[in-house]
């Protein structure tokens, strides 16, 4: 079994605010990320797929096809968008990196070739902050 | 003469939209950056100061003092903010990197020690896109 | 289960020298890292925590709280220090990255919120050299 | 058990072309990577070893020895080479990153000290494209 | 006057070999870069343009238009190519980074909007090796 | 005229302490960098040379020769050393990046081929802190 990963990036804005909490609790919990008019990030998304290597192709999966899938399923939906307002699948969801990788997993899990399975969806908000999900 | 630079970063959202242009012209000019509800970036700001090296200190300027100046004059005003809405000095200004470095220059130019002068203000919106100003 | 990671960095000096070995054996084993008066690194520490996502918060754990924990438990103890001389918990321990991640694990393991557990402590001495520990 | 990794890099050229496919199928599958006269990459190889920490050394394995092993077994064979033409162990193998990590694994697996085992061989073709193998 | 830069990348192979030198002189001069069947790089190209900021646009030049220009004039001609064999404008030219930035300058110099001029063409062969040209 | 740059790195420790100042003034000025037993950095040195391109070589200067010069003149003198104690040319000099680039310039200025001159010596102490000197 071989693992392959592809990175893509997108720029988006968001605000962290939980409807289950009071305004004061939101400020206490999210700090600057609760700022009323939002802020943004250059997100980096890395998706890892694992599977057997095709004898005739030398590839687990065409990385160009994986990039096209990521663009179509994820990047086109979130790039240069406001995650709170513009993105259908984030409605009613607090746009933390944790929630985003779960949602992204759902869009990718069943879209891979038969010899492959999705291993990890990893999302950097900044160089220092990352969340990842392995379907566990 | 020696040059020293300090990098800081901040996260902000913005929308590029010119009131001098029609909506269609804005879309044609700014593309995705004109998206109605904004998007965002992890901005990286690098400020370069030049001057003579102090004989007793071995420094042009204390880089910690330069960082504190950048935090006070710039980062505290823009970090986790919406540049179009929240930032006083960007009101009436299209929040392009070009306009931002000019504004930032104005906040820094006269705040340096006597043996120094401001050489460059450089702002990355993404790893691939940068604007810089040298006061020329 | 979702994983989140936070990176922090610190600058420290050290010398690799084993009291169980002769001087000649130390030179043979550690090479330049045995240099008598020490050398140093910009260390990068990445700590990964895993757990369930809080329904009301959208977070496994507040990454700001994780950063504060890393600063308090690790960075404040080692930043701008000589690891051989200044750091209590490294006394009697050869300050290799391997030994450091084990020690760091001990300071973090029981300091996490109830829904979380420590997954990995990873330490880069340079961009090319890294050690990590998963409590196995 | 502690894990340590060492990165090395090399520059090589290659062409992706499968003898089991027609020319048209090769173009369809590999796109620009099938370009007749080849292209190239700055490859980055990261090899991870795991094992117990030596009591007298504080190390799983000397990272300098690991680098020397990587240079001798891998880098000297592929650096500044044409992978299709110049590299013995890639003859009859499509030089994808997937196939390369499997071949590299074979050269490293039995060359480690007794207290260690090979955990992962990871190869970046570009910053965005990576393959890795864990011997599974 | 404001400066803006845009980075793009491409993958190519090349061989350094001077027809004015003997084979032995070529080996002595270029070392591994003279390897008979070529090798390759992930090149990174950064082009800097300077000019006045448009009052109605807040931009020196649309960075998207600059990217499109770089793709059309440079990347489409060299990406996934063998620089010695496949690239018309490199025929009879030793494909060093020095010669490449001079050639690239020629393709870009007269293609900019009226308010702009080309300031610098910078080409990284690796993270450690770079050449740049300012038209001086 | 073409510019070429080469990066090298080294690991060293240092302590910032000025004999012209009292202990309290040293703490006030240098903060953590005055820590009694020193700390360290992964320094990155980038040296830029400019000159004409040799017609028969396509090069301003062989970058391998430049690397060898940097290793011989700089890296071998400072790598894995304590800058305050071990390095002859830093005796009596506060080991700030500012002072280091001036010293490094002196070792390189007259060691270049005839068609070249030294343009810039740039030294990163960390990713965020840099000093550079252009012989002005």
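Order of writing sets the chain letters: A, B, C, D, E and F. Residues in each chain are counted from 1.
Methods note: contacts are C-beta pairs under 8 Å (C-beta built on N, C-alpha and C of every residue); 3 or more make two chains touch, one makes a residue touch a chain.
All values reported here derive from a predicted model rather than from experimental measurement.
Hopping across touching chains, the smallest step count from chain C to chain E is 2. By the residue-number overlap criterion, the interface of chain A with chain D counts as different, with under half of its numbers used by both chains. Think of chain B turning onto chain F: fitted on CA atoms, that turn is 120 degrees, to the nearest 5. By residue number, the contact pairs of E-F overlap by more than half with those of exactly one pair in D-E, A-B or B-F, and this pair is B-F.
Look at where the CA atoms of chain D average out and do the same for chain F: the two points lie 34 Å apart. Averaging Cα coordinates per chain places chain C and chain D 28 Å apart.
Distance between chain A and chain F, defined via averaged C-alpha coordinates, is recorded as 41 Å.
Residues of chain E in contact with at least two other chains: 127. Taken together, the touching pairs give a contact graph of some other shape, not a line, ring, star or complete one. Of all possible chain pairs, those that touch are A-B, A-C, A-D, B-E, B-F, C-D, C-F, D-E, E-F.
Interface of chain E with chain F (complex): residues 16, 18, 20-21, 29, 31, 93-99, 101-102, 127-134, 136. Chain B makes touch with chain F in their complex at residues 1-8, 53, 55-60, 62-64.
Interface of chain B with chain A (complex): residues 9, 11-14, 32-33, 35-42, 79-82, 85-86, 125-127.
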